[in-house]
Amino acid sequence: MSDATVTTTVKPKAPRNQWWDVWDQFKTHKGAMAGLIFFVFIVLAVYLGPFLWKIDPTYIDFRARNQGPSLAHPFGADQLGRDILARMLAGGQVSISVGLTAMILSLVLGTFVGVLAGYWKRLDGMLMRLTDLFLALPLLPLLMVIIMLFRDPLRKMFGLEAGIFILIVFVIGITSWMQTARIVRGDVLALKEREYVLAARSIGTPSRRVVLRHILPNIMSPIMVSATLGIANAIITESALSFLGLGFPPDYPTWGRLLFDAKDMIQQYPERVIWPGLAISLTVLAVNYIGDGLRDALDPRIRGR
Amino acid sequence: MADGAAPVLNVRDLKTVFKTRSGSVHAVNSVSFSLKPGELLGVVGESGSGKSVTMMSLIGLIPSPPAQVSGAGVDFGGTDLLKASDDELRKIRGARIGFVFQDPMTSLNPVFTVGYQIMEPLRKHMKMSRAQARGRAKELLELVGIPDAERRLSDFPHQFSGGMRQRVMIAIALACDPEVLIADEPTTALDVTIQAQILELMHELRAKLGMAVIWITHDLGVIAGIADRVLVMYGGQIVEHAPVRELFKHPRHPYTRALLKTVPSVRGERAERLEVIEGQPPILRAEPSSCSFAARCPFAFARCLSENPARFDVGPGHDAACFYDFEAGAPRATVSAAAVGRPEFEGGAHAG
Amino acid sequence: MLDDTKSNKVLVEVRDLKMHFPIHAGVLRKRVGEVKAVDGISFDIYEGETLGLVGESGCGKSTAGRAILRLYDITEGTIRIDGVEIGHTPQPDLRKMRPTMQMVFQDPQASLNPRMSVAAIIGEPLDEHARLSKAEKREKVLSLMDAVGLNRDFANRYPHEFSGGQRQRIGIARALALNPKFIVCDEPIAALDVSIQAQVVNLLEDLQEEFGLTYLFISHDLSMVRHIADRVAVMYLGRVVELASRETLFADPKHPYTQALLSAVPEPDPWLEEKVERILLQGDVPSPSNPPKGCNFCTRCPQVMDICREIDPLGQEIAPGHQVTCHLYQTT
Amino acid sequence: ERGSDGHVNIIYWQAPSTMNPYLSGGTKELEVGSLVLEPLARYDAEGNMVPFLAESVPTVENGGVSEDLMNVTWKLKEGLLWSDGKPLTSEDVRFTWEYCTSEGGGCSQSEKYNDVTDVEIVDDLTVIVHFGVPKPFPYGPFVGNQAPIIQKAQFADCTGEAMASCTDQNFAPIGTGPFVVDEFKTNDVVSMSANPNYRDPAKPAFATATVKGGGDAAAAGRSVLETGEFDYAWNLQLAPDVLADMESKGKGKLVSAFGTLVERIMVNYTDPDPALGDKRATAAHPHPILSDKSVRQALSMAIDRELLVEIGYGAAGKVTCNVLPAPAIYASTANDACMVQDIEGAKALLEADGWVMGSDGIREKDGKKLSLLFQTSTNAVRQDFQAIIKQWWNEIGVEVELRNIDSSVFFGGDAGSPDTFQKFFADVEMYANNFDGTDPEAYMANWECKQAPRPETQWQGNNMPRYCTEEYDALVAEMAKTGDLEKRAELAKTMNDMLMQDYAIIPLVYRGRVSAASNTLGGVEINAWDSELWNAADWYRIKE
Amino acid sequence: MLHYTIRRLLLAIPTLLFISLVIFLLLDLAPGDPMASIPLTVPPEVKERMREALGLGEPVHIRFLNWLYQFFIVEPQVAFDHLFGTDFSEGKQRIISFQSRSPVMSVVAERMPQTLWVVGLSYVFATLIAVPIGIISAYRQYSWFDQLGTFVSMIGFSIPTFFSGVLLIVIFSVTLGWFPSIYDTTHEVTDWSSFVFQMKQMAMPVFVLTLYNAAQVSRFMRASMLDNLNQDYVRTARAKGMSEKVVVLLHVLRNSMIPVVTVIALGVPSIFGGAIITEQVFQVNGLGQMLITAIYASDAPMVQTLTFIFAVLIVLFNLIADILYGILDPRIRYD
């Protein structure tokens, strides 16, 4: 941006919370707004929906088996006569919470490793070899070992659902951070040579705070991209895990699982595949657009425009 | 040199507008000037005053969108560059008009050898064979003073120092013996000692090849040493135009005057305090309806804020876009003089 | 700038400072050589004065500036600032010294974090070194903005919303935040437009007067250095080749390199310009990793002698306060 | 006429990894191997023994089996040739025994040769199998698809530790069956062609055959029933309505057969509480809730087996109340009360026994909650069953937590994993089991006390419920000594009824095999007692 | 550059040894038993004997050293013998799969063709498609083409292949009958019609994988092109009078390919790793399918060897990517 725009209107004096600016910019991004509205809708639906739609998602009603959409079951019922709408709502709760938290964990882990490797040259070789190691490890045996070792202790500590939730999030997080770490490392390597990092050092800012204040905010963009991909990855991985019996109990619906269970009936009952498939894709798409918007909004250079 | 000859390049009423997301930017506003064969026209002006955009607009190098270029015509050897098709323009660019860009570090493609980049226009425009082009490229490198030219042809740009890269850029621009060379701040990024080498080189080449040159800079020192005539730009307009000595002796636009004062010198008197031009350059949101310098001008008066001054003749080959008459020391009479877009200015003493 | 701000107290004392960057190569990453970016420089800076440091690009000016502030771990030499030897203090211990010495960077765009507001940027040193309440901090930031001539209303803006000159003011305000005594200005005006350069230089002078600052002013713009500096050091390939007071240096340069450098500066005056005798140097600067034998300048020197190719000249005071490193003036 | 019908395409979605049945006991390997290797006698679709390489099936009546049940004499058919043209002799039969029992080889069928002390060669075509103990049922060695005859000439160097490294032999054994292996790609595809030396010159009708592996049951079913790319698809365990829908496309039909496979719930008699450390799930600690018979009974009563069959298996399942449902002479009718679901009865039973309903809908007694962990292997139908059963049990006031475990872990014997079905670190678990051939002796012996998995046995053993009564052990011992079929049947039924009435095992569904055959494939006769491909020599193409 | 390469290769040795050890311990620790697929009717003692025959009786470190010996000494010898008809490997124990009791390496060799045909080809296609798409999307940023590209690639990411694959089968095999639903690995291309059949049977798996890979690569390509389109040298090229085609496809593309080529190179190991789910859905039975069956069957030597080969490829292609970077971008010089 050139000098020319400087004398635009002077802003009101009161120090306005920065987040308002971010929000203002975010609002101008059409895709991001649409994504946000959809995402909020989905979140509200899956968390508040069960209070309105009171059918128990695990309740089996044999008379309703394989029923198509009706007033009693707007999305139809599955092969055991469970209400698909209720299952979609309950499944969404799990999928979205798992997707979000696992994604965040993997981001945190990946960013942490990436920043360490990029910023401290001494750690670089070792951490990148560690990344290679994780990339090379066969996932399934790894998951089985983790789950074998930690399922019961966690269950005891946090109870059944919370324990498994923690376990799954942990498992997904620990097996999907490598990509982020690499990207972040590359960016940090470039960023740490920037003059403002040197400026911070000349002030006497310790490395820890240089990273927090100067490096991290400037690698938002690759992190956002990883985040959107991460959420899709986490939702799908969760379904694979519970299918393998490594995840939630088998009667516990999640989107991924609903999709997986229904895929054999794609010809007989296509709607059963479409609902979870659509839910996953649209959520991922929404998060992607939100990520785009957020990236733009968090960048003051774009915000000014 | 070449006084009175027909101009090689004649720009009339050139305008460039950028349409951006947050509104339009009128970067170039009714710029008119002409260039005679063999002369060196200096262009000075503050950063953002539209120097680069003007030059790039005339040969269609401005990406469009976002830019829109319009005007009464850019006459180059009988062709109107504004109306020329892309193909015609491509035949002119590189072949008849050479361009040297500001930043030698980034203007060369890092993944091709220097030789390849010099040979590219030769092969395209002059239809030379590979061997011929290579021979010519070697000559060119020698011409711009790079030792061991043969070997260096197969080096990559990053293996050259900044000054050498700028010389490579010049070699590329000169490859097809252009009639006009446009050099956009070619020495700004360089050291004084290297800059001196390049200026010297320019002098020699012009004597040898006799082409016309447009030299953009904001370093008045460079202008003083090299230009025949000078255009001063401000806010997307030409605010003053004069032969070089005339300009330094009798600056007739308050911006030029201020500019001359801000620059310290290594040789002359040392001022205790540097003059500054207070205020900010304008944002070119719309076509100017007032004098764009008015806000920063110590001489400004009411008229300056309501009307955009045309370029008044103030001397032989000297005009300035200002309502204040410095000779008289008072505002001009209401008669508005020469219309903007006059095709030709006479005169132009040269310093070479 | 007033001469009476000068004193005879030495604030910064640099002795034999060397900063070599190692070059590693080979299968085992053995150290095969070094870039001698700064290769033994010595000078003093008196309290309240401005020392100009000029020289060609790549001759080690920035490295010298950064090394003096210990942004690098130096190879050799001593640095004494305000009586404290900091040449080999470990980085964490340097933290409490940082407020005395600050830096203003070359590229105002690159040296400001694009994601921090102006208030945050100027406030950063205060966060690090001062214990202030939120309101106090804000007040301090605003007063700093006043001091460098930035409108208080701009506090919540971001760097890209400013012009180059204003950005450089932000950088200066940041450097001033901790009331330093000594500021290294690393080409603070190189990235700026001519009309803005003057603003920044004036500002630096005003601040020097107001706060009694001491500057090391690095630049390759000799005319600006002539304007601002009290004394000037000329560097070539990691060495100081000439050091003299401003008047002496510009009027009577001794070292052939200084002469060439001065003659190369274009003159914004066609009449003067015509008369200037240019000494055109040939060839390129040798690589600092492999400097020539003898005098560093011998490969390009128009007055080169045989001895220059053999023996490295020593710095000598040929007149009070005028040091030259050249065989032409060697008296022993 | 041999080779006149072109090519037959068979799909086994679990791909065979070897052709040698002695190196892998997996069904897929055994069945595909049966196209090449043949035993002396097989079971037909009804479970009757029919001679294959032998002249006839030896019995006590025809003198083939000695009166003391200690030896059996087999006579080979005359003029049998291996596919490479060499004659089949008693040497080969004897070698097969030596091969499987050689030291260090890890033969997976060695149990078939248990108690065999010698295989005596009488002449080229006659062998006598000597047992060390009386064998009331002497048809282990050389009978059925687990124990076919291999060629001595080919495998002579492959005994003992060399068994594994004879890859060429294991992948392309020379046999007497209808087909010869041309190319074997492990876990992928087997290409075969008709055996030129097959004993019936008119067979097989197909000149070539491939057995393709990989994918899942749905894809296999689709390829036969919907696209018609394949002629025969094995083991289609899919939801009945999906299968019905596929069949309705008219390209092929489903075929099914019932053996002895029963889907059942095992009830843990011991306490799986992790707090018990290495005494977990051992006889040292009886199960706090499930030791109570009325609870076990209530769990069984709450189940509607009819519905389970309908949802999970359709035509491939039948309601059963026995763990030993077949052959017919062993099938008890004493427990048929379980056929009808009785939720109210179950509730009443629990109530009567002092299990009172808590405020959260879960019954309690003496501070113990009626709360169960229900585990099984991962498999779509099993997970549906889990969900349904959970609901029924919830209705009678039992809280249920479900867990599914990957079958490679669940059925693996890894002593390091807590999730194996032998360890049974859960309260109830569901899986299916059957027995080989038609004789239940070994099967019923599974529930002896000493069969209970425990740390001392590295958790090996088949008595998952850890059921342990003296009466039962006595019955097992008695059966081992009884030769008379009637009496054996009586004993087996008694044992079955004991298990059922103690509710140590809750049988759910008597499962058959379902496969699919193309409408143009003739001669298919699915067999639950032996290989499904047992009569592939008789298969032919139906011409329109 | 040579030094750099040698140094990286030397460094790779301890790394890989360490990785192999970790994989080995992991597999050893993992629950699961090679005997799990043996019917329950086979008594436990027999299973125990089978387990011993597989060498599972030995302590862990012996098994690991044994594997190392077999992998690094015996298998190369076998390969050497195979090539030159020598007999160094005579009588030495190779790495044997638990499932099939055949040498792991020969199974790998057997699976290679279909993996390369399907997964490899789809990767090639994906690259070939993604690059032009990326170029056009960037050149016409925010055009409908670009928007559509974003949308499709997001869908490509978020729909699991187990679903899209089945969907394709239902549409194209079952309903339309255009393509076979099951891949025939024994098929040999000898003439035109067999070639057509090969194309048909590859169509769907290749499509599914191509979509997935192309989505990623085109995103990278687009970003990289966008970065480069605004560079100064582009203007220089235009100023030289070069045609738009030369400018975009020569000057810009060559620079944009630098990061993309490394991304592509880093993706290559995944070809050899196979596309597990897609291979299963279409029964391509390549390396991916083999790995997954081996894992389910707890076939430790197979899993160990395959994952180790995979690790070698990852390390190797990381190196190749770095070297490529250096070659493509003359500014980067290692050493």
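Remarks
We call the chains A, B, C, D and E, going by the order they appear; numbering starts again at 1 in every chain.
The criterion applied here is as follows: contacts are C-beta pairs under 8 Å (C-beta built on N, C-alpha and C of every residue); 3 or more make two chains touch, one makes a residue touch a chain.
Every value quoted in this text rests on a predicted model; they were computed, and no experiment measured them.
Per-pair counts of C-beta contacts peak for the chains D-E. Using the average of C-alpha coordinates as each chain's centre, B ends up farthest from chain D. With each centre defined as the average position of its C-alpha atoms, the distance from chain A to chain D rounds to 45 Å.
With centres taken as mean Cα positions, chain D sits 87 Å from chain C. Inter-chain centre distance (chain C to chain E, centres taken as mean C-alpha positions): 54 Å. In chain B, the residues touching two or more other chains are 47, 280-281. Residue positions 3, 5-6, 144, 148, 264, 267 of chain A each touch two or more of the other chains. Along chain C, residues 163-164 each make contact with two or more other chains.
By the touch criterion given at the top, residues 11, 15, 17-18, 20, 23-27, 104-111, 161, 163-165, 167, 170-171, 183, 185-189, 191, 210, 212-216, 218-219, 222-223, 226-227, 229-230, 406-414, 416-420, 433-436, 442-443, 457-458, 460-462 of chain D touch chain E in their complex. By the touch rule above, chain A contacts chain E in their complex via residues 125, 129, 132-133, 135-138, 140-142, 144-145, 148, 229, 232, 236, 239, 256, 259-260, 263-264, 266-267, 273, 277, 280-281, 284-285, 288. By the touch rule above, chain B contacts chain E in their complex via residues 56, 59, 61, 86, 89-95, 98-99, 101, 103, 106-112, 120-121, 124-125, 156, 158-159, 169, 172-173. Listing the residues of chain B that touch chain C in their complex gives 46-47, 161-164, 190-193, 195-197, 199-200, 218-225, 244-245, 248, 258-260, 262-268, 270-277, 280-281, 351.
Of all residues in chain A, only 1, 3, 5-6, 10-11, 13, 15-16, 18, 194-196, 198-206, 209, 213-214, 217-218, 298-301, 303-304 touch chain C in the complex they form.
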